[in-house]
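See the structures that follow.
Next come two complexes, and both contain chain A; in the first it sits with chain B, in the second with chain C.
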Partner chain A sequence: MADTTTHPVRHAGGVYGRSIVAQIRAITEYPADFWVMASAGVMWNVLQFAFLTVLFAAVPDVAGWRYHEMLMLSGLLTVAAGSTALLCDGIWSTGTYVLKGEIDYRITRPAPVVVQVASSHIGMQGFGEVAFGLVMAVYGWIGAGMGLAAVPAGVLGLACAIVIECALITMLCAVNFWIKGTNSVFAFVMLDLQHNAMTLPLALFPAAVKLVTMFVLPVAFVNFVPVAVLTGHLGPWWLVGPPLAAAASVLAAVGVYRLGLRSYDSSGH
Partner chain B sequence: MPILEARNLTKTFRRPDKASGFKGAVKHLAQRKYKNYTAVDGIDLSIEPGESVAYVGPNGAGKSTTVKLLTGILRPSEGTVRVMGRDPHTERIANAHDIGVLFGQRTQLWWDLPVEESLKLLKHMYGVSDADYKARIARFDELLDLGEFMPALARTLSLGQRMRADLACALIHAPKMVYLDEPTIGLDISVKDRLRAFLRELVDDGTTLLLTSHDLADIEEVCERIVVIDKGAVAYDGPITQLKAHYITTKAVKLFLEEAADVPALELKYPQYEWAAGEAPSEVVVTYESARFTTAEVLGGLTAELSPRDLSLSEPSIEDVIRRLYAGELTK
Partner chain C sequence: MSSAFAVDRAFAVIAFKRRLAYKTQWLVGLVLGGGAMLVSMAMWRELLSGGALSGYDWDAMRAYVIIGFITATMVFGAADWQIADRILDGHVAIDLTKPVDFQRARAAEYIGSMCSTVPTVVFGVAGAWLLFDPPGPVSVTAGILTAVSLLLVFPLAFGITYLTVLVCFWTKRYLGVMWLREALLGFFSGMMIPLAFMPSWLQAIAWALPFPHFTTTPSAIYLGHVDTAGALGLLAAEAAWAAGMWFGARLIFNQAVKKVTVHGG
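Coming up: the complex of A and B.
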């Protein structure tokens, strides 16, 4: 008999974990792809690192933020974005799955569809991005004179950053249930916004941008808020922001994805 | 109590309404228009536990859409579906434990993994115990020869192997209600035979089956009841034997004579039968109403009179009947 007594969240976690492990096994089928993509993940971020290094050779700070603090800002964002490639890269395929009717089987299985879709692929560039992002963040951390005492807050910020990033991408990819297309344009726009704006201090931007990035699409809680708290640019009470933003983002992502599934109409009818 | 019950099941899709060509495409970008298209139109369907039901219809009749409504993939625009008393769409997870689904045109195998890994992923997803998993895999291996390609990556399988593996995936959790949408599409005759034998065993074991197929041999060999749909509505629903008895009213015998057949003379002598010339001059085909004459009766008289060197007996196939149902030549 089938065991149907496992708690749904635990069951979903088990399905997710096994599926991700299976994807890692599948990666071994394509070793050349792995090395090319992982290297590309490093190279894209080397350019950001080089840009910051060149910039700060000319100026002492940007809106009060120094070189090592800015490295932490970029490093945290890079780790969060790279983690999405490792943890939920399949979610980018939502549009393709919707158009081709490939959600069908997933609906007939006893596990959340969002979990099955998210774990259906691993972006190999994520290995390079996470590795180089960690190097940048740790280098910035040490250079900014951060001690070991701040590590728990840093780990909390990192965990929340990854959750928020995964949740927001999931929510924006779910738009493809309504706007039919293979490209998740809204998620791309968000990543573009992050890479262009969130690698700079939020103080540089007008109030409207601050409001949007904090309360509408809370990308500021991915890297800016935690790094600002750690480096003293914001007060310690701001540290409650990332967990709250993470919880709200997850709820919104699950809700929007469920709504999307309700309007799924498969293909070939 | 039915295991599956659908009442007034209706599904309407919205389709873009645009003119053809480049101009139409550009105009549609600025001025979007849609029109509704009803794929399934008020279908009533009730299936008892253990029944094997063929669900057939011409291309575009709404077969796959119905299966998607019954499995919870799609939400009905109108009407209700209950599978073991549950709404398959809103109670999706609970329903998933009791149903097995196979879409012949798509695979549910993980493309870059060995078949065995896909089955293990599904085992854990459905919460199948180790003992049950082992027993089922052994049975699938016995009936479907899974063992030969269990270690192979899904992307390296032939179509026949892929279909057998997909069938195992659909049944790994021993579902009570199984939906098979074109399970033998594109398969060679030996694989089809093996699959049909497997499906017969499944039905004999008490599994409820809903099968859609364009291959009517699948239906005759596996199912007892047939539902024919056309343009989204039910055109016939009843036992296959009844369909045959109701619509197959004639039989034919081809006689191979020693010399050329004189068809007009035979028509005069045996006006109760229909006569037609065969492919060769010495061949003649006699058609009779099976309700009025037994085959023995017909053959008794004719063989004594004409002394044919050989004969062959045929009756219209279920395929002919369904073709005529599709064409609207037959009524319910």
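Coming up: the complex of A and C.
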């Protein structure tokens, strides 16, 4: 019997924590998979690092952004994306659960469905991504000559980046409540385009891209805006953007997932 | 077609039709490949506005990026998961009882699935041609040899994919293996940045691998960075890699298949 006197948020947090710990225990049963996945996460970023290093051996800057600033841009995005794999990778299974009617079981349990789904898997590549993403970001930070005074703003940017990334992926995976399929195509497309475009300065792209990435699907606030503020490409008042974008993204994710659950009618109809 | 290839053709046609049935795959392939191509164009237009870098001017780079789009769409859009799943879920045990060669059957399926990317390639290239108006091949011979190079990408892609899929005999999942292969392919093929930008030691490593033949070889021939003799040499190397990986995979499969365990008595 669930303890009804516990605060709902605390209870959901407890369920989430136990579920994630269970996933970590499952990972230790398959060490070969863990090392392959973690290596894959590192390899993508080692090669992104190599790409930037090779590129900047030939050019002094890209649209006014120098080598170490670009490393911070890539590093922050990598940490945010890697964190989603560690914190809510199960959300990618939303489409499969909807298709197979496996949301039924989760609806009957005394914890939020989104929390149960999100914590049903850990993306092992996230360990490598977060570790090497932090290396890139810190190396870029030091190389760009940034001191300790900017650390609080950096930590705020990092926290908001993780929240925005988790929320946007959750929202786009929830589309599978209506558009049935095992693949979360919209979330996958967003992530792929983000890794292509958002590791470069926004000045390279047309105004429409800037508008969409800031005000429609606010991926610019994951890495571009915080790094641009820290490195002086944008004014300090822009720092209010990431927390606002994080709040808006969480509200949108929760709202869309709830709407999806309302329209969920199990399988076999 | 002779009966010797009737089974291969049947596998290829089934794989082709299966892929065509999922039409959203076309759209996703176009959005992902097209998106990457547009981002790359935006970056190189900015960087090359002041003149050529490492032997590439804006004209050459436009053609280079489009050739990269073609090969990336062909390789990343193929059905590697179906081979991996057969190993991971144990279907390989049933395949071993069938009177068909496992590797040859998977090759036919893989190439059939690669053919299903043709509509995405045609649509993407037509759009890119209208938007960016890239230069044509440096000569008719170069154009023909570029086409041969792109045709050789079919067995080359299968060789690399099949070799990496065989890792699934030792792992429980395929995703990490696939990401490792795609990361290495993306970088060492020159899809991310032309090999000419890399320091000589990194170029040497790249050319010791099969990856440059996915983008660097066809684009070098197309743009006239190599003469006809050089182009034929590159094609020979590409064909040698395809053949070497085919026979190498047979040796590895013979060892890997010993890992198959049939449960249930």
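Going forward, the second predicted complex is superposed on the first by the 265 of 269 C-alpha atoms of A that agree within 3 Å, B and C clash if a C-alpha of one lies under 4 Å from a C-alpha of the other, contacts with A are read in each partner's own complex, and residues count from 1 in each chain.
Note that in this section a residue touches a chain if its C-beta (ideal position, glycine included) is under 8 Å from a C-beta of that chain, and two chains touch if they have at least 3 such contacts.
Here the structure is a predicted model, which is why all the values come from computation and not from measurement.
Student: Following the overlay on chain A, give me a clash-or-fit verdict for chain B and chain C.
Tutor: fit
Student: Touch check for A:Leu99: first (chain B), second (chain C), both, or neither?
Tutor: neither
Student: Of the partners chain B and chain C, which touch A:Ser19 in the superposed model: first, second, both, neither?
Tutor: The answer is first: A:Ser19 touches chain B but not chain C.
Student: Nearest 10 degrees is fine: what angle do the Cα centroids of chain B and chain C make about that of chain A?
Tutor: 90
Student: By the touch definition at the top of the document, which applies to A:Met37: first (chain B), second (chain C), both, or neither?
Tutor: Once the two structures are laid over each other on A, A:Met37 reaches chain C alone.
Student: Once the structures are superposed on A, label A:Val59 by its partner contacts, choosing first (chain B), second (chain C), both or neither.
Tutor: Second partner only.
Student: In the overlaid three-chain picture, which partner chain does A:Val185 touch, first (chain B) or second (chain C), both, or neither?
Tutor: So A:Val185 only meets chain C here.
Student: Name the contact category of A:Ala111: first (chain B only), second (chain C only), both, or neither.
Tutor: The answer is first: A:Ala111 touches chain B but not chain C.
Student: Scan A:His11 for contacts with chain B and chain C and give back first, second, both or neither.
Tutor: first
Student: Between chain B and chain C, what is the shortest CA distance in the superposition, whole Å?
Tutor: 7
Student: Following superposition on chain A, which residues of chain A contact chain B and also contact chain C?
Tutor: Correct list for chain A: 30.
Student: For a test of understanding, state which residues of chain B touch chain A in their complex under the given definition.
Tutor: Within the complex, chain B touches chain A at residues 11, 13, 39, 62, 64-65, 68, 71-75, 92-94, 96-97, 99, 101, 103, 105-106, 108, 110-113, 117, 121-122, 124-129, 132, 153, 173-174.
Student: Which of the residues in chain A come into contact with chain C in the complex?
Tutor: Contact set of chain A toward chain C: 30, 32-33, 36-41, 43-44, 47, 50-51, 54-55, 57-59, 62-63, 124-125, 181, 185, 188-189, 192-193, 196-197, 200, 204-205.
Student: Quick one: in the complex, what on chain A touches chain B?
Tutor: That would be residues 1-4, 6, 8, 11, 14-15, 18-19, 22, 25-26, 29-30, 101-105, 107-111, 262, 264-266, 268-269 of chain A.
Student: Using the touch rule from the top, collect the residues of chain C that touch chain A in their complex.
Tutor: Against chain A, chain C makes touches at 24, 28, 31-32, 35-36, 39, 42-43, 46-47, 53-54, 167, 170-173, 175-177, 179-180, 183-184, 186-187, 192-193, 197-199, 202.
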